[in-house]
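Here chain A shows up in two complexes: once beside chain B, once beside chain C.
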Partner chain A sequence: MNYAVETKDLTRIFRVKKRRRRRSGSKGAEQDVTALKDVNLRIEEGELFGLLGPNGAGKTTLIKILCTLLLPTSGKAYVAGNDVEKDPYPIRRIINMVSGGETSGYGLLTTRENLWMFSQFYGIPSKEAKKRIDEMLEAFGIWDKRNAKVRTLSTGERQKANVIRGFMTDPSIIFLDEPTLGLDVNASRIIRKFISDWVRETSGRTVLLTTHYMMEADELCDRLAIIDEGGIVACDTPRNLKRTVSKASSLMFEVDYLRDPDKLKGIEGIQNFTYKHNGQMNRTLLTFIVQDESAVADIVSRIVDQGAKIHSLEKREPTLEDVFVSLVGKGLA
Partner chain B sequence: MAMKENLRTLLGAGWLGWQMEANWTDPFLFLVYSVAKPVSGALILVFMYIVILGGVAAQSTAFAYIFLGNAFFIYVGQVLFGVTWVIHEDREHFQTLKLIYISPISFYYYIIGRAGSKILIATIAVVVTLLFGVFALGIPVDAFTMDWGLLILCLTVGMACLVSIGIALAGITFLTAKHSGGINEGIAGLFYVFCGVVFPITQLPAWGQSLGYAIPVTYWLEAMRKALLPAQQLQGTGLQGIENIWLVALLAVSALFFYFLSILIFRLGDYLARRAGKIDMTTAY
Partner chain C sequence: MKEYLLLNLRALKGRAYPRVVGGTRELSWIFFDTVLPLLTVAAYVFVYKYLGTFEGPQQEYIAQFIGYVILGGAMTAYWMNVLWSMAAQFYWEKEIGNLQLYMIAPMSRMAVLGGMALGGMFYTSVRAISTIVIGVLIFGVTFSLGPPIYLVLVFILTLIALYGMGMLFASLYMIYGREAWHMSSLLTEPIYLVSGFYFPVRYLGSIVALSASIIPITLGLDALRQLMFTETAGIHGFLPVEVELVALAVLSVLFLFLARHSLRFMENLGRKTGRLTMRWQ
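On to the complex of A and B.
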């Protein structure tokens, strides 16, 4: 059986021309950006698979390659068994893509007209398409915008229309690049619910989704890959990922404003450490992931050494965020 | 199945083009941009040549030659410019190019559909220009003596040919960031000089004549003139001796050659653009 998505040592390097007009003779030096490096990934048919990673990790690049928009520099990528490089046409019949935060669409057409036109490019009989579009406009709560020109829609309304465009064609595999970016809580919830219902409604439907929202990844995804600097650093179910750090525990300290929190870095037994200043309250929030709780004593004494008072200490069950921090070394957002 | 899908694409794209071109919410703007502009463009060129040539009599064969050449050249400008503009606009302004690109349609059919609406609108401009020529300038085109068969046949082949050149330009436009006005204007300019629009290609040096004979637009314009004014043909065009049937054959053969050439160029442009990541590139930051 074919995987819905499979990559083998997938690598993508962007060649970026530096600005010319240097004084010396060296003409337009080229600099390479490695967006993906030897990525090996297997997504099964029917999975709701998430990609989690910081800005610039390579998520969008991976999606573009799988959507046949961009060629790999080396390595292979297959969608439903078809090589993206050699056989893009069979792939295009069974996929669709939605990316958040973009405002694509023909401004002078109405929402319905725009969607109808795309449905025609997917060979959906016109009558059937109109019916489906109307149902989805209703489901996403933009039925009242059906006859509004796309250019008059708000960002969120356009985004919803784009999500409809993606699902309307009934793809076997859909790629969603931050589908809830910039949406309000309610709209995000509608879209999340739609995605998870959609993938379970009929067997064989696959979703590959990228997100910056831990909660979204945790709640939605069957499996997750954490990607950083073009490489996959972990790939498992959210549950198993959390289990990997469960031996460790997560400690949150709220202390007086610390001038130099980096001094806390070298303590033995700490797997990872992040901090956030809260200038308004004149406090600093410290988060430690520790292997061994005996490190607590060390931490406390170092904080006190800096002359700060500890206002609260909380121990949490590990969250996906902790997994992320322990793997990537920094938080999201 | 594939036929039906392609037809659907063609109609969808044609419909889209029509909605975009013919901005029906403002018929005045539509008339100014889509009709008045190309018509006056063609007429300005015609009058310029009259002045340069020092008073070519309006009823003369030479004047009719220049006039008809410019009138039909409206198609060349509109279609070639139109197709590259479609790529540019879909990519930069509407950001829909990538969505259309990853859809299962044949991109050729999409372009043909969009170009189809350009042709339709250009036809309005050409007809207006011709009517002006007949009624205001006395070009002796007569609906009863015209060769309608030749007109319809060659107009169809000519448009197919322009659209395939447009497809090649679309492939090249994939690779360019900013709107590549240069490419289509360059090509249109080339055709203007080497295809016998305002003067017969026999006026060109030998290499230029060879070039002219290789481009289908040359035969197409000649065929248009023969169809509209069968009895009044300029001598020494290098083409006037060719029988209609051969003219059609030459047009068809060179159009076919251009068709394959443009498919090749489009494929190459498509591949290079996909490699460089330019299908969804926007530069308007």
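On to the complex of A and C.
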């Protein structure tokens, strides 16, 4: 079996300086921070694979290793069968990467010139590169910005240009690190549709997408890995992942602002719960994953004991967010 | 092999492009890069002119000294370009996110640096020539040129060695970022002095002049002065032009060789420590 990406016990530890203690004036010692620990992943050719996790979970570190920008501390990582440590050059010929919020290129160049410049780093003949660029500028709806200087583009337009930069080299494997970060609904939708169409258009194309948008992961990915604190917590199709919590129910309460929501912990029958305060509305949104719905009575009574009024109660089908909460014990946002 | 060569030539052209077109997009350089350097040149010119009002043997050489200063002033543009737009460029590229895109691309890193160097040479030559033309017109310098082939060779080898040195420094910036900043600061004014930008370097004494010759602009500038003012070449020149030409050729090969190996070493070190993509350092 050929894997587009394979990792074996992949670990990356960063050595960082501790903060100095002001009073003692002692020198900042170094400490180890584990960004990835024993990550084992297999992504098949032609898959649109998602990596879902909160900020600091290790998603970008994993992408950097697979893009040959960073070496593992221990373990192995292979891209199209090539060891990232020993054979980075064959990998670089077949990959590309796009990051969300990227500001690549030079502001004084036009969008078209900027993209042409990057195409030259992959040896694409100028005529062919310009043809591809024009087609993609049109597909992304920024043809009218082709002669605008990059520094004058809006965030959404710039990110569309970044996505074009990644795809115009026609990579076999593309790494997308939160490609829709901070974009409006329309720009995100165009990028998501392009990614989805691109991977299905020709067999053998592979996408590794990191995101912390649950809906994006659910909509796009064939398979998903949930990553938290450097470790893979679960890996399966979105449907199978949701099945793992299907025996449980997801209950959402909207209540008056709760001063101490932690008092709701420890109720029998609750698998996990998260809360979010809405200061403007003076409300608290509670999400419970419950194994036994009889726990509802206890929940209600503890909310009322805190003097809060319940404004709404909703029972939902399990979502990826519920899976995440159930596995990790906290929400993504 | 042919494919790899084509890839690198295209990468070189691609990276040179922003520097070549940059001059036509931001015309403020006409003031900042030609008028302002001329003010420093003018200060030295007036000092030499003032010295020329006194009786003495120096009166004979004042016209050449003014020419030396204008030539030195023009060459400062290359030195500044090498320090701040060549050596330090990888630091900026890292900050804006381009460096990681260069590093995941399949082309040789030397092709990127080569493109930066070629673009920089073009961009800076326009400025240097402008400084010389304006300086010559204002201060009425006349040249007595030596063999043109020597002149061209010295100029080209000086630029290759100089930008080769810039490539070597670029690999340090790639990893050490802001920490390497001090190196550029340290190499600005002191090099104006020890490389003899505004006077013939031989007057610093053989030991200092020889030590400063590791900076290619020292020998390049001295050889150019000897070839552009042949009448006084034997009096103010540091070493014979032929020797300086050979030394510049050696420095060119040496710096390009060191740059290539240093880049590879620093890239691996960066991948190991994580500093290759670490911003704000």
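The rule we apply is simple: the second predicted complex is superposed on the first by the 322 of 333 C-alpha atoms of A that agree within 3 Å, B and C clash if a C-alpha of one lies under 4 Å from a C-alpha of the other, contacts with A are read in each partner's own complex, and residues count from 1 in each chain.
The rule is simple: a residue touches a chain if its C-beta (ideal position, glycine included) is under 8 Å from a C-beta of that chain, and two chains touch if they have at least 3 such contacts.
These numbers were taken from a predicted model, which means no experiment stands behind them.
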{"item": "Room on chain A for both chain B and chain C (clash or fit)", "value": "clash"}
{"item": "Touching partner for A:120 - first (chain B), second (chain C), both, neither", "value": "both"}
{"item": "Which of chain B and chain C A:257 touches, first, second, both or neither", "value": "neither"}
{"item": "Which of chain B and chain C A:95 touches, first, second, both or neither", "value": "both"}
{"item": "Overlap of the chain B and chain C footprints on chain A, listed as residue numbers", "value": "14, 64, 67-71, 89, 92-93, 95-97, 102-106, 108-109, 113, 117-118, 120-123, 165"}
{"item": "Interfacial residue positions of chain A with respect to chain B in the complex", "value": "14, 64, 67-71, 89, 92-93, 95-97, 102-109, 113, 117-118, 120-123, 165"}
{"item": "Residues of chain B that touch chain A when the two form their complex", "value": "4-5, 8-9, 11-12, 15-16, 19-20, 23, 25, 94-96, 98-105, 110, 274-275, 277, 279-280"}
{"item": "Chain C partner contacts - residues on chain A that touch it in the complex", "value": "14-15, 64, 67-71, 89, 92-93, 95-97, 99, 102-106, 108-109, 113, 116-126, 149, 165"}
{"item": "Parts of chain C lying in touch with chain A, wherever the complex brings them together", "value": "3, 6-7, 10-11, 13-15, 17-18, 21-22, 25-26, 96-98, 100-107, 112, 271-274, 276-277"}
